[in-house]
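Mind looking over this structure? Questions follow.
Going in written order, the chains are labelled A, B and C, and every chain counts its residues from 1.
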Amino acid sequence: MVQASHGRMAAAFRRALLPALAIVSMAFSGTALAQSAAQRAADAAKKICAGKTITIVWEAGLQSLDPLNFSGPKWEQLTGCKVKVVEVPTAEMFTKIMQEYRAGTGAYDALNVIPAWMPDLVQAGALENLESYVDKYGYRAELKTIAPTYRDNQMTVNGKIYGFPDDGDVFLFYYRKDLFARPDLQKAFKAKFNYDLAPPKTWKQFDDIGSFLTEALKAEGIYGGSFFREPPYTMFMFQERFRVEGGKFFDAGTMKATVNSAVGVKVLTEMRNENRFMPPGVEKFGFVENLAVFLDGKSAMTISWPPYGRFAAGYLSEEKALAWVPKSKIAGKVGYALPPGGHPELAAGFALSVASTSKQKEAAYLFIQWLNSEEISLQRVQLPYALRDPFRDSHYTDKDYMAKWPDAKEYLAALGEGAKTGLLDLSLIQTDKYEEAIRQGISKLWAGEDPKKILDEVAKQWDEITQRVGLDKQKAVYNAWAAKGGAYPK
Amino acid sequence: MPVLRKGRRDRDRAFRLALVAPSIAVLLLVGVFPLVYLIVVSFQNLTMSDTDTSFQGLLNYRLLLADARLWQSLLHTLVFIAVALPIELVLGLAMAQLFIERIPGRAVFVALLVLPVLVSPIVAGATWSLMFDNRFGPINQILGWFAGHPVSLLWTIKPELVYPAILVAEVWQWTPFMFLLLLAALAAVDRSQLEAAAIDGASWWRTFRQIVLPAIWPVMAVAILIRALDLFRLFDVVWALTKGGPGTMTETVSMFAYVRGFQQFETSYVAAVSLLIIVLLSTIVLWTLKRVELAR
Amino acid sequence: MKRSVRRKLMVALRTAAALLLTILFLFPIYWLFMISFKTAEEIFAFPPKWWPSRIGFDTYAVLFKDGDAATVANSLVIAGASTLIAMFLGTLAAYSLARYRTGGEHLANWIISQRMVPPIAVVFPIFLLYVFFGWVDTHVGLILLYTAFNLPYVIWMMRGYILDIPRALEEAALVDGLTPWQVLWQVVLPMSRAGLFATAIFTFVFAWNEFIFALVLTRTEVTTYTVQVTHYFGGQSNFWAKISAMSVLGTLPIFIVVGFMQKYLVRGISMGAVKG
């Protein structure tokens, strides 16, 4: 009897032993799974770069307040590594990165890059392959928890990791839910169009609602909708709508541009027609002009990046760095949804990379791992002045964030939806040249030219560019891009 | 005596060479390498993805001859020069004439009138863009007052309005340049001659043509030359207002080079284009100078 | 009409014309400067607001606190130094070209051809050059560059102004026993004071407003005021108040200098009478 109970006790002891040993060993080792990626990065950095300075290129203006006021000082506090922020205006970031690379100066260690640039930068050899570092510092697990569309589409080139997606840029649909909830408007709309007044699911519905509201609210000076129609922004919107309506940029076999298909013409024509119920002069609206109209309460629907949602809610509007944002007259009145078609453009965005010519690659890598980690990125996307938008699964369900303003929960839910169904920016070799052709086409559209003519010209230019780059080379890059989940809607 | 004169000539020679030597040194230091670089690179095929430095012959030059967009941008640039320069000259001269005689508060006026040229062209362009905005700018608002009804001109969008808009912004910014230079030049006009002509009863135009113009010509000619060369590099104001749009309708040569070279890294191609520009400009300017006999 | 009445009328007309011109030319400046006092809602008000509701200097305070205003100091140093050097070397060279026809046509033409080189094209090779010499991100680098840029302008402008001065005075001074150097300093330069002043203003302005080289040749240590202002134009932001306030700060130094120095211009105008 004693023997049997002994055996049972022994077995029980053995059963408890392994976990206990594991816990004890974890507690002692300090580098096992219990430690976060952020902690690991900080610890490693302490050893290799204390007292040294790494430079990181960041978008000038509001964005750079993050490393200047928050993450830079915090990193220095944790590790003794100093961070020097090179602020560069957005329009010149690519140029400065390439120039310093071409001149071989090694002046930059870490970089912010827009994911659409990554093929060009990798082709030129300017970015460091991060695979070995990711393994060395155990970052794969936390990379997996980045929201699907960003994770699967903005991280790799040719299957290798070259950057960490760090900004959840996505086009969200914002609308005045108070106007949509007005009984008189609902009744009149239903009577005219035979369906309920609600956030539009198709672009036809958008047109119906927009023109209806402009007419109905004329006395109050409110328009049914407004967009930022300046070519650079509209270029993104065109990419989204074109694909949502079924268009394909290229014929996958021949690599001939098919942007001038009937779908393209339809999209351009609709965009032009929409302007008639938008504020006069909308063709010139940029980010801030459109924001001003929306926050002033003069536009019932719009599409833009996540910051609009925070600004509209009046979130931390006393923050000095946000003094340029007009005071919101519509706090609490804004609803969030996906744009018509349900596949928002992941317009621009940012990824953190390491420069291939850096003399402190390891230190630079550790900084970006720390920045991008679960723990730190959660803090960063909640900075009052930040333009970094939620991009990790955990961001969308964070209790603190959800409590920031009454509708924050819906806001995060919409962003989370967008992160699942979002569409990737077209990304090839010499992407800017293709984008430039669209931008010029948009400016011609506002000038009054015929959509078919415009798109034929765009297609012609695209084919010329493809020829110059090398048809086979570009075809390979395009097909690699098209194979990504976020390239075309399923 | 001859010995003394020779000594004096040698001293003069040393003196005048010493005067130009430092300037030439600075210009050579900064100017030689880029020029050599441009020439060498224009025969290669450096692009964003290609750093192969092998000799490619006349590839880029052949390409640029066939590049319609390049020649159109040259045309646009010439149009800007042809319209803006005369306006700035005439207006600047008129203003200089206005201020050459004493009027109360002249000092204040002159100082204030220089302000447009002191504002950074980038900011000036952005300001005019805001002013021309249909909703947020005062220009359409003012026009609406005169017209009696709301005016909705899209100055930076519509093809028929973009050139006037750009020219307004450009003339506004650089007329003060002509104004101030010509004011200083008018200062050198011999007053006694002017008074003699007035006593003789000569008309204003005659006085101007025969006394004033020859006196200010050396400065005026240089001012025109400098302004023309700077107009050739027109960039900031156009970029801020239209980014070269609609389409490429207002794209200048500088913008063309900026997009291709600076943003898209077609280094070799832009080098060839730049050499073309340098050759074109030099030829035109030198031919004009010879005709005008300025380089006496 | 009596001559004195006629003269008074002419003065009145001229003053009115001057006033009108000033209003027209200054309106955009007014609009720009007012933005520095407006709130964001007022900047994007519809219909446009012509004056701010209150004159507050918060934006200026922020610029000074954040160190943005320091870039104005950077630009002052760089533009100032390069102007002084360019004016000095350039005027000397201009005198040589004007009076001695040094190098004849060829030198003069080579000098002005430097201004025909499109800046965009040479930005990268100059960047390479500067990397080689270690001048990237330094004050010296930009001062040297702007001096080189402005020399052709100074040389050609001052040559024009010097040619305007009658030789007789210089020849008289030489006969009096002055050395050529003294003739230059004591006779020619004072006589061309108006031209010196006008040329100096624009030499300074060209250096002050230069952007593309300041952008490429600096990283963090030396930020000029023009580059700093472009930081306020973002894809997702637009700090108009800061743009405006910085422009005020950036225009103020030169405006004050012009205000003080323009009496030399005016004196130069009346000097013509003395000369006659």
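Going forward, a residue touches a chain if its C-beta (ideal position, glycine included) is under 8 Å from a C-beta of that chain, and two chains touch if they have at least 3 such contacts.
Given the structure is predicted, the values throughout are model-derived calculations rather than measurements.
Engineer: With centres defined by CA atoms only, which chain is the most remote from chain B?
Structural biologist: Comparing chain centres, A lies farthest from chain B.
Engineer: Would you indicate which pair of chains has the most C-beta pairs in contact?
Structural biologist: Top-ranked chain pair by contact count is B-C.
Engineer: Just how far, in Å, is the C-alpha centre of chain B from the one of chain A?
Structural biologist: Here the centre of chain B sits 42 Å away from the centre of chain A.
Engineer: Rounded to a whole Å, what is the gap between the Cα centroids of chain A and chain C?
Structural biologist: 43
Engineer: Using the average of all C-alpha atoms in each chain as its centre, how far is it in Å between chain B and chain C?
Structural biologist: 14
Engineer: Mind pulling the residue numbers of chain C that touch at least two other chains?
Structural biologist: Answer for chain C, listing residues that touch two or more other chains: 43-44, 46, 124, 128, 230, 233, 240.
Engineer: Could you list the positions in chain B whose residues touch two or more of the other chains?
Structural biologist: Residues 135-136, 262 of chain B each touch two or more of the other chains.
Engineer: Which chain A residues sit where two or more other chains touch them?
Structural biologist: Those would be 102, 289, 292-293.
Engineer: If we count contacts the way the header does, which residues on chain A are in touch with chain B in the complex?
Structural biologist: Against chain B, chain A makes touches at 94-95, 98, 102, 120, 123-124, 231, 279-281, 283-284, 289, 292-293, 429-430, 432-433, 436, 439-441, 443-444, 446-449.
Engineer: For a test of understanding, state which residues of chain A touch chain C in their complex under the given definition.
Structural biologist: 55, 59-63, 84-87, 89-90, 92, 96, 99, 102-103, 105, 107, 232, 286-289, 292-293, 296, 298, 305, 307, 320, 323-327, 348, 387
Engineer: In the complex formed with chain B, which residues of chain C make contact?
Structural biologist: Residues of chain C touching chain B: 11, 14-15, 17-18, 21-22, 25-26, 28-29, 31-32, 43-48, 50, 89-90, 92-93, 95-97, 99-105, 107-109, 111-126, 128-129, 144-145, 147-148, 151-153, 155-157, 159-161, 163-165, 180-181, 194-195, 197-198, 201-202, 205, 208-209, 211-212, 225-226, 229-230, 233, 240, 243, 247, 250-251, 254-255, 258-259, 262-263, 265-266, 268-269, 271-273, 275-276.
Engineer: If we count contacts the way the header does, which residues on chain B are in touch with chain C in the complex?
Structural biologist: 11-12, 15-17, 19-20, 22-24, 26-27, 29-31, 33-35, 37-38, 95, 98-101, 103-107, 109-124, 126-128, 130-131, 135-138, 141, 172, 175-177, 180-181, 183-193, 195, 215-216, 218-219, 221-223, 225-226, 229, 232-233, 236, 253-254, 257-258, 261-262, 267, 270-271, 273-274, 277-278, 281-282, 285-286, 289, 295-296
Engineer: In the complex, go through chain C and note every residue touching chain A.
Structural biologist: Residue positions touching the partner: 39-41, 43-44, 46, 58-59, 62, 124, 127-128, 131, 136, 215-216, 219-220, 230-242.
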